[in-house]
Every structure is written in C-alpha cells, then in structure tokens.
C-alpha cells in the first residue's frame, strides 16, 4: 500500500535539520544501498557538499550473512574521499533494528577513522535492537513488527507500508 | 541429500537438491545469472584492496582448507589471501602425491579435516574429477572449490579471465576471443570456453597445432585454427596458455623453438589481431616459448591485472558459496 | 532327487521349442516333458505358472578374485551372484592375484569351486606369462590342470610375433583363445572412450581405432595358425565388421559383447561416474547402435556381463585411479530383457545369446532343455518388476551404474545338474 507521505517534503525536512549540523566544505555523505543512496543524491545536492558522494553496500558486513547468504545483486561500495578525520553523514531510508547502520559503520571504519558519523534517515520506525539513534529523522513512527515500511524508487520515490502476518 | 544417499549420474554435483550452487567444480553448466553474480560481487571486492583495512567480516569464524595435491604458488596464495580478507581462518595443506594409494589418502584427508569441523575446501589435484569426488562425498556439509583438477577444469582462473575481459575489453557479447596453445591438455582453456559461451561470447577460437588442438575440440562450440595468422584475424582478446615441457616427451611437439616459431606471441604477430587486443596468460609464463617478453610486458598485456582480479573473484566465489551454505 | 516343474513355459534356443509344458528332472537330467510318465514321482513339485524356463546362462568373462585378497569378492560371493542371475556356467578370467598362469593356481580354483558346488566353474589359463604378452605359458600343463580355454583378460598381446607363436602353440591343444583386441600404444593410459566427453572431462581417451587395429591384427595372425579365437567384449562397429569378414572367409573367429555396451554409452560417465568405467570403454551412441544391429544380424553371438566386482574400498578413488569393471552378473537377464523391450532382438534370441552363443565360443556342449539334456536351468518371472539396489546384491562388488534402474525379469530358480542352487 502506498502511503500519502510526501517523500520530497520529508527530504526537505531532512535537509533543513542537517544544514545547521555540518560544514559543507568539509563534511562528506555516504548513502547505504539502495534507498539510502537515492535519498543521499538529493540531499548531497541540496546541501551543496563539496566532497563527492559515497555509497556502501553492506552485504559483506551483514551480521546475518550466515543465515541468509549473499544478496543476489551486490554493488560495489565506493567511498571516493579520505575518511580519516572527516565528518560523515550516513544516510539510510528506514531505521529499524539498527543492524544495517552498524554494518555500514563497520565498513566505513575499514576505510579509515572518521572524526564523527551522523545518521540521517527518512523514517525512524522504532524497534531498535542496538544502541543506535538517528541524529536526523524526517518521520518518527512507532510501527509494529507486522508493519513493513519500504522506500520504493528511484523515480518517483514513495514510501510503502505493508501489513505482514507475523512470522510463525 | 547426504553423502550416503548420493548416487552417481544424478546430475551436476555442484548443485544441491534445491538447485543451489553449493560447490564450484566447473564453469560448465553454470547458469548465466550465477556467473554474473560472481563477477558482480568480484567488482565489489576489487575496491576493498584499495582501502586501509583490506578485510571484510563476511566469513568470520569459518575455516577454509587449501588442500593442494599439486604445487602452485599463485593459485594457493590468492585463495589464502582471499579467505583471509574475508576474515576466515585458513589452513594450508600440501599433500605429496607420491604415496601409492592416492585416492584413499584424498578421502581420508578430507574426512580427517571434516572431523575438525572445517567449512570449506579449496582443492587442487593432478587427476580430473578429484574435486567432484570430494564434493559428492561431502554433499552439503562443506563447500568445495575446484582449484584445478588434472586436465579437466580450473573454474576460478576462467572466471578471473572473463572478469578481466569484461572490465578491460568491454562486453563479452561482442568480443572475439582466441585461446592459443595447448588447449587439449589445458584445464584453464576448458573452463574459459564454457564461461565465455555462457556469457554469450559470439566467437571463441582455439589456435594451435593439431596435436594440441584436435578438431574434436569443436564439440565444445569453438572454432579450430591451426594457423596463427588466420586465427588471430579480427580477434579482440588473446588468451595464451602455458606450454608444458611434457608435450615434447610425449611427441606432440618436436621442440619448444618450433612451437614458438609457429604459435609464439610476438609483437609483430600481435598486429594480426584487432588493434589494442588484450593479451591474457594464466601464468606461470614460459617467456620466449608461448609468449615473447615484449608482449608479456607490453601495453596490451593485462597479465598483472589478472592476478589482482583473481583475488577479487576468489573472494566472490567463497562468499557466494558460504552464503548458500547458510541459507538452509 | 526327482523334481517336477508344472505348467512352465519352456523356451529352448537349442531347438527352438517354445510352449507351456511340464518338466521332469531326475539324476541331474531332464527326463521328460509333458505328458510325464505316470510312474514318475517327485520329492518336489514346483509350480511354473507364469514363469519361463530356459537353459542356464554361460558367462565367458567372470572375475571372482580367486585367488585374491577377498576385499573385492571371492569365488563364494561371486558364484552366489552368478546363480542369482541364472548363470549356471562361468569361465574364470585369468587375471587373478596371482595370475592363473601356473597349474597350481588352476588346481586351487578347482578345489574351491568343487567345494562350493554352485554354478559350474570352468577354468582358463593365462595365454601368456603374467598376461604380459612376452612369453608363452605352459599351456599343456594348464590344460591338464583343467583349463578349457586360454585368455588374456583385458590385456592385448603387444608383440605380433609372440601372438603368432602362442596361437600356433595353443592350436595343438585344440582349445579356444580369448583375446582382448586393442592396439596397446594407441590405447595407452586411456580411461574412457576418446570422444566429445573425454575432451570435456579432460580425461585421456582410448580411440575406437585402437580396437579396430587390434582386432584386425589378431584376426590376421590367427589365420596363420587355425586356432579358434573369441573376442568376448567388442565395443566398436569397425571391430565387429572385422570379425564378420573373417567369418565370411570361414575363419574360426567369434565375438561377444558385454551387456553394458549394449545399454550404455560414454554419456553414462557423466560427471566422473566411476561405475561407468569399463574396458573396452563405453562408446558413442552410434557404436552402441551398431553393436545392437550386429546382435540382431547374428554377427555377435554372445552377451556377457563381463563381471568385474570391486568392493567398497574402491569408492573413494578418482576416475583415473579407479579400476575398470562393472559387477552386475545378477542383473544380466533383466538387463538383457531391455533389449527385447526396446525391439532390438526377440526373447528367444536373447536367451540364445546368453547360453548357446557363449557355450559355442568356449567349445562347451550346447545348452539345451531337450529330454536327456543336463538340467542346467534358469527359471524367471518375465513380469516381475523391481528396482536395482546395488547395496543389496550378492556380489561383493558395488560397482554398477544401474542403481535405481527399473527392470523386469527376476530369476526365481536356478538349477545346476538338477539341484536348485538359487531360489529368488
């Protein structure tokens, strides 16, 4: 089911909240595949960041790799700037358990030692399983386990809410 | 499917009962999407080599055994490095093949290692079918990667070659590829031919003397040439093969010099192919026999890139097989 | 012991008799068909309804690893397998451990075989010392020790000169010689048929031409000596044509084929299936079809199971290391019935190819179910269907590619000289 949330409006909220937190000369942005990269493209332009946009595919870092195996479509992670000492904005679409963010941070640290990482998400749906919190979230919900929130895209971007029966 | 219930002739042992790729034994019979998945994953791994920490946690806690019944520095070390960069523990075992009962020692060695709960085997063996035998025996209990079995197959070498071609020569669907040298005895060539066919290579040629490139090879879907000049015309990619000295002893060639005179890749002969045609070689090279140093070290040679690609491809293969093993 | 088998369809390829009848058996012989003499009383009456009786089968190539180390089967296990397959006479191959090239080995085989009293065991002596084709064996002494034939098992005789002398020497004794016709250097180290699949698998092949050349040469040399020769397992159309031409010329040459070459092809090697590794190797479909044709036209006169058991210890070997051979004597008849079902030959012809043909090749009395004939019988149920389970066979060999094949024609009884040696 497509929701009536307006993704462009939510993106504007994200950009507005991020602006005071960063220095566009120095800060760099990394999107997490797939949804995070879509959002990051818009935010990167809106914030006028000088460093090129980075992207990470966390497939090789997932803590559930041994249960689910490799995603059939793996994209190359690409961080085209020096991570050491940098302020990084990590962008993802939906913050749920926090495991994806943890995997992404693990991967970023394999590139170097950033000065700081901020997390910006479109939706923080609650249900965190790790001590991970978003610095910026355009939408904060308290979704139940049966509700599945997904960003579809890239053109147009829309948020879908799906009701799934709980796993047996 | 357990090892005890397996029956011969039931189908390709690199797949499990659900049709998932559990072992990599040969490029023959791979599905195109599986091949592409390996190549795409390898692209991701290629970038890791340029980071400060060249490791991912993907196979943390798993143990991979390099079980080599044949000497190999390059293949063994790239598999070792690949597994280590995936955070796996690696055990290197070199087994002498001089013992009288080779077959029994192969299975006994595998059983002993399985008793230590290892997760995967990378096997090189001088006899065709050795990796199949082990894969059949282990079933789903551990992954097996064939790192070369006799004259049969060397799938990861072929995968890194097609990966190299795809990266550096463009889409395989419109590239003409020639394999030059001792195709008959080459596990690399066999695996290359299957991988290229699956990826839609429109024309694969094999070039060499009839004693090393018999007409029967056309059964593999290749065009057979016994003349280097004719064979190289219009070719975008040239894969040279290592010429083994045994071929002289078995009277397939009168001398190395004569082979070089007829089929050695020299700068002048490179002109017969398309301008800028890529030159690949699986190594180790016999300089001045199948390939002249000017070509091996020249601008069209991508032999060192192949080595870097080999690492990424082997990381991809181990990751995909290990991932399938977890997806019960 | 007197026995009556009632209401049984008797198929006797010896004289072409095919009808439902009763058989009376006494003192090891068939004494009457229906109507049985009114005064004939039997200790056992078997109901033959729905069953077929035919002469017991004669196996020209039987490896029982006796003498041997026993890991791959011995005379007891393999003869049990033979009678379970309706085979009543076997010729032991000389490639035992040690080889049957001295009278002592044959004497040992004789003693063991007599003690078992299952199928009739015929002995063959090695045709050349150690089967190496380099020196004659003491053929007269071997004949005295009971050899009814001389054989080379799976070894060619590389020297044409020695082959000529050995055949001439054997001709004095009037015993047939079983040859493996293959040009040794052309076939060297090959583990399967040289063709598309050997190229794919990177395995060394044995070209079909090696068999053609070997058979052609052996026939030409045999013609110099008048010695009867038999090729128990040919695999190529060209070699069979050489035999056909020799027979046209009136030379004493016969040939047989293994049931495996009639049912399987090189494709059965699949992904290194050790159980499809035999000698000569499984060939192309065209060769298989040519062999079937030669069967139908009477050029090939015998079908063999080429019984070569290998125990479980051999399973962990690579294709190159694994020994050649298939152990399937128990399923010889059901496998051969496939040829009937596929319209290659009729049932009577198959029964002849399993009994009369091989007996002729070995110069044995023609098997028969006529009154007065020795009561060597196979009684089978042509309509009983079953699935082959290699783990449950009598033979100690586990090397057969027929696991899970659906077959018909289970053997119900095997009689050797009137004694029931197998009940299925």
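Lettered A, B and C in written order, each chain numbered from 1.
Please note the rule applied: a contact is a pair of C-beta atoms (placed from the backbone, for glycine too) under 8 Å apart; a residue touches a chain by one contact, two chains touch by 3 or more.
Because the structure is predicted, anything quoted here is derived from the model rather than measured.
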Revision key, fill the gap. Neighbours of chain C that also touch chain B are none
Check your understanding: What chain is most central when centres are computed from CA atoms?
Key -> B
Practice item. Measure off the straight-line distance from the CA centroid of chain B to the CA centroid of chain C, and report it in whole Å. Key: 44
Study note, to complete from the structure: The distance between the C-alpha centres of chain A and chain C, rounded to whole Å, is 74
Point to revise | Averaged-CA centre spacing for the pair chain B and chain A, given as whole angstrom | key: 38
Point to revise | Residue ranges of chain C in contact with chain B within the complex | key: 195-196, 199-203, 268, 270-276, 313, 316-322, 401, 403-404
**Study point:** Residues of chain A touching chain B in the complex
**Key:** 57, 59-61, 65-70, 72-78, 106-107, 109-112
Revision key, fill the gap. As the complex stands, chain B meets chain C at residues 7-9, 11-13, 28, 102-104, 106-108, 125, 127-130, 132-133, 137, 149-153, 184-185, 187, 190, 214, 216-217, 219-220
**Study point:** Contacting residues of chain B [partner chain A, same complex]
**Key:** 33, 37, 40-41, 43-48, 51-58, 86, 319-320, 322-327
